[in-house]
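This report refers to the structure that appears directly beneath it.
Letters are used for the chains, namely A, B, C and D, taken in the order the chains are written, and counting of residues starts over at 1 for each.
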Amino acid sequence: MTGTLAEHDDVYRQQGFGASSGIGQRPALLIVDFVESFADPTMFGGGNIPEAIAATARLLAFARSRHWPVAMTRIVFADDGADANIFTRKVPGLLALTETNPHGAIVPELTPIAGELVLRKRLPSAFAGTDLTAWLAGRGVDTVIVTGATTSGCVRASVVDAMGNGFITVVARDCVGDRALAPHEANLFDMQQKYADLMTSDEIVATVSARFAQAKE
Amino acid sequence: MTGTLAEHDDVYRQQGFGASSGIGQRPALLIVDFVESFADPTMFGGGNIPEAIAATARLLAFARSRHWPVAMTRIVFADDGADANIFTRKVPGLLALTETNPHGAIVPELTPIAGELVLRKRLPSAFAGTDLTAWLAGRGVDTVIVTGATTSGCVRASVVDAMGNGFITVVARDCVGDRALAPHEANLFDMQQKYADLMTSDEIVATVSARFAQAKE
Amino acid sequence: MTGTLAEHDDVYRQQGFGASSGIGQRPALLIVDFVESFADPTMFGGGNIPEAIAATARLLAFARSRHWPVAMTRIVFADDGADANIFTRKVPGLLALTETNPHGAIVPELTPIAGELVLRKRLPSAFAGTDLTAWLAGRGVDTVIVTGATTSGCVRASVVDAMGNGFITVVARDCVGDRALAPHEANLFDMQQKYADLMTSDEIVATVSARFAQAKE
Amino acid sequence: MTGTLAEHDDVYRQQGFGASSGIGQRPALLIVDFVESFADPTMFGGGNIPEAIAATARLLAFARSRHWPVAMTRIVFADDGADANIFTRKVPGLLALTETNPHGAIVPELTPIAGELVLRKRLPSAFAGTDLTAWLAGRGVDTVIVTGATTSGCVRASVVDAMGNGFITVVARDCVGDRALAPHEANLFDMQQKYADLMTSDEIVATVSARFAQAKE
C-alpha cells in the first residue's frame, strides 16, 4: 500500500471530510453477522473478532438496560442453493450457511431475547434485501450504533446503508472486528471520513448516560 | 496501518474469498461522479483521478461502439438545501453542488450523448435513492462495468449495490480514481475479494472483442 | 363490477382487516403529482382533482403553520427519453413531462417554499427510485399524511410504500383525487382496509390541534 | 360506487392509458402468498381463490417444463412478534403466520421443488424488504408473470414493484384471486391501465409455445 495514513488524512481534512454527525435521541443497536462461522478463524473469522464480540456483549447489556431496539443479522442460504447470488460467486463458501447449520447461529454471548429482531440476509449490508429500514423507522429510531463483523465487509456495507437510509450512524470501534487488521483499519478510516462517527463502546455508554443523568435533574 | 498486503491476502485466500465472477453477455458502463469538482484537487479531486478520467474516455468510446447502455451520475443538492442528509453532515461541502453549479457538471471528456442516462444522486451509491436497478434490468443488462470517483467512496458503494442488485460487477481498475492512494488500493483489495472482478480497461476491451470475433466466425 | 361495497365490507370485517393505525407524533405532508398535467382534464386530470387541490392547499397551510416536513413529487423524464421505463410502455404520454415542460410544474396553489422537498420521479410511488424514505427518517417523521393524484395510481402506490417503509400512513381523503370516480373509491376502500387510515383534512387538523392544546395546558 | 366501468374506461382510453407492454424473452413465474390461510375462507381466503390456485398449478407445470425461474412468497412473522410493522397494525391477524404455523405453508398443489425460490415476506409486495429484484436480475429475467392472492392486496403491490423494478409484467388473470370480487375486478382494471398486461394462462402458454415452435423451424 502506497501513501501513509498521515498523508491521506491531511488531504481529507483539507477537502472538508470527517465532520461529526453526533448521536441522536433514539438509538438502536445493530449487530452484524456475529455468528459462529465469523467467530471461527478456520472459517470466516480470526483477527480481532473475539475481542469485538466480548465488547459487543457489554454494549448489548447496556442497550437492553436502556430498552433500545436491537437487531441482529445472520447470513442464511437455502438448503438447495436456490438463492445463490453474485456475492456467492465471489465467496462460494457462504452457501454452506443454511438455516440449520450450527455455524450460522448467533454466538452464545449474544443470544437474542424476546423482542429483538433476527434478520436473515444474503448480501453484505443488513439493509440489502431486508426490511430493516422499515423496522427502525417504525420504532422511531434516529441513530444506529453498528457492531459486528467484518469491518471491511458487512459492517462497512451496513454503515453506508444506515447513513444512506437517513439514520445517524455510529461505529462502535471496539465492537467491530475483521479477519485481517489492515482492511479493518482502512475501512474505519473511510467510514469516519464519510459516513459515521467512530466511538468506543465506553464513549457511547458515557455519552448516553450523561444525557440521561442530565434529563433526570 | 498494521499487517501487510501479502499477509491479509493469505488469510482471504485460505478462507475462500476472491473467486472470479466473470463478465456476462450484456454489459453496461457506469461512470460514477466524474464531475468537475471531483477532477479538481482543490475541491474533492486529486490523486490518480485525471488518469482515470482519460482511461474512462477511451472505454466510453468502446462502449458506444458496442451500443452498451451507459449511465453517468452527478451529485446534486437543492439550492435551498432542503434535501440535506446524513452524508452532508459528514461532508458539508457537498451541499454546494447544486443543479447549476458548474463544479457539478460532467467533465467535458465524458459529455453524455443522446440515450445515455444522467442520474442525479445525493448518496454515495449510484443505486441509492435512484432507479438505476430498474433502468439496467429494463435494458437486459447482466453485467455492470464500473468506473469513476472515488474508489474508496462512491465507486465502492456503487459496486456493493451493483453486485447486491444481481449484476455481475467488474471494476475497470485504471478507470477508477481517488484523492489519496492508500484508500484507493485498500478498496480495490476489498472489492476484488468480495464483490467484483478487477480488470484493466484493455483487458475488458480484449475480452469482449475476442468474444465478438468468435461469434462472427 | 360484481358484488356490492356492503358485501365485500362484511368479508373484510370478518377477516379482521381495517384496524386503525392512528396518527403519530411527528407527521409529514406528502403531496403526490399535483402538477399542471394532472389538474387538466384534457391531459391526465379530471374527476374530483380540482377539489382535491383546493383542500390540499388548506392542509398545506396548516402543515406549514405546524412546521411539518413537506415533500412534493413531480413526474419528470429526460428530454431524450433515455430514462423511459416499463411504466412509459403502458402510459407513453408520460414521456412528454420533461424538466422544462410547463405541464409538469407544481400547480400554483401549492408552490413549494424554501425547505420543502421537491422530488422528481419516474414511477408511480413517491418512494420508488427516490430517497424519500431517508429524507423522512432523517427528519424524525413517524407519520405520512398523503395527498395528491391519482388515488388509483401514484397515491395508492405511495401509500403502500409509506406504510411498508415503516411510517404510519393517513390518506387525507378529500385531498386525493382521480380522473374517474369508481377507481377513486375502490382504491380508498383497499387502502383503508389494509394500509392506512382515511381521514378528512378537517379531522386531521382537529386531531392534531386538540393534542397541541392539551400539551400546552 | 359511482360511475360505471364503461365510463371510466373511456376516460382512460382518451388519456392514452392501457398500452400493451407485451411479453419478453426470459419470463419468470411469481406466485404470491398461495398459502393455506389464503386458501381458507374462514381465515384470509374465499372468493375465487380456489380456482386461481388450480389455474396456477397448470401454469406452474408449464413454467417448469420451460425451465423458467419460479419464485413463491409466504408471509412469515417471528414467534415473538419482534417484527410487527405498520401492516400488522392494520391487519393484526397476520402476526399469527409464524414460521411453523401450518396456515402459513404453501398449498400442496404448488409445493416448490429444488431450485425454486421461497421468499419470506412481511409486507404486501413480494419485492418489499426482499432480494427478489436481485434474484430475477441475476437470472436474466426480463418478464415477470404474476399469480397469487390477493388481487387487491399483495398481487397488486407486487405488480407495481415488478414493473417499477424494470420487468415487463403480466398478470395471469385466471391465476389471481381475491376474497371479494369487486376489489378483484377494480384492481385488474387499474393494473391493466397502468402497470401490466392481463392475459389468461392459456394465452400465456399459447404465446410462448408459438414463439418456441417458430424458433425451432
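Quick notes on this one:
Keep in mind that, in the parts below, contacts are C-beta pairs under 8 Å (C-beta built on N, C-alpha and C of every residue); 3 or more make two chains touch, one makes a residue touch a chain.
This is a predicted model, so every value here is computed, not measured.
Annotation of chain A and chain C: jointly contacted by B, D, touch as defined at the top.
Among the pairs A-B and A-D, the greater number of C-beta contacts is found at A-B.
Chain centres here are Cα means. That of chain A falls 35 Å from that of chain D. Averaged C-alpha coordinates give centres for chain A and chain B that are 25 Å from one another.
Chain A has residues 85-86, 123, 128-129, 131, 134-135, 138, 164, 166-167 in contact with two or more other chains. On the chain B side of its complex with chain A, the touching residues are 1-5, 7-8, 11-12, 15-22, 43-44, 46-47, 85-87, 89-93, 123-125, 128-129, 152-153, 156-157, 160-161, 163-164, 166-169, 179-183, 185-187, 189-190, 193-196. Within the complex formed with chain D, the residues of chain B that make contact are 131, 133-140, 142, 164-167.
Within the complex formed with chain C, the chain B residues making contact are 78, 80, 82-83, 85-86, 114-118, 120, 122-123, 128-131, 134-135, 138.
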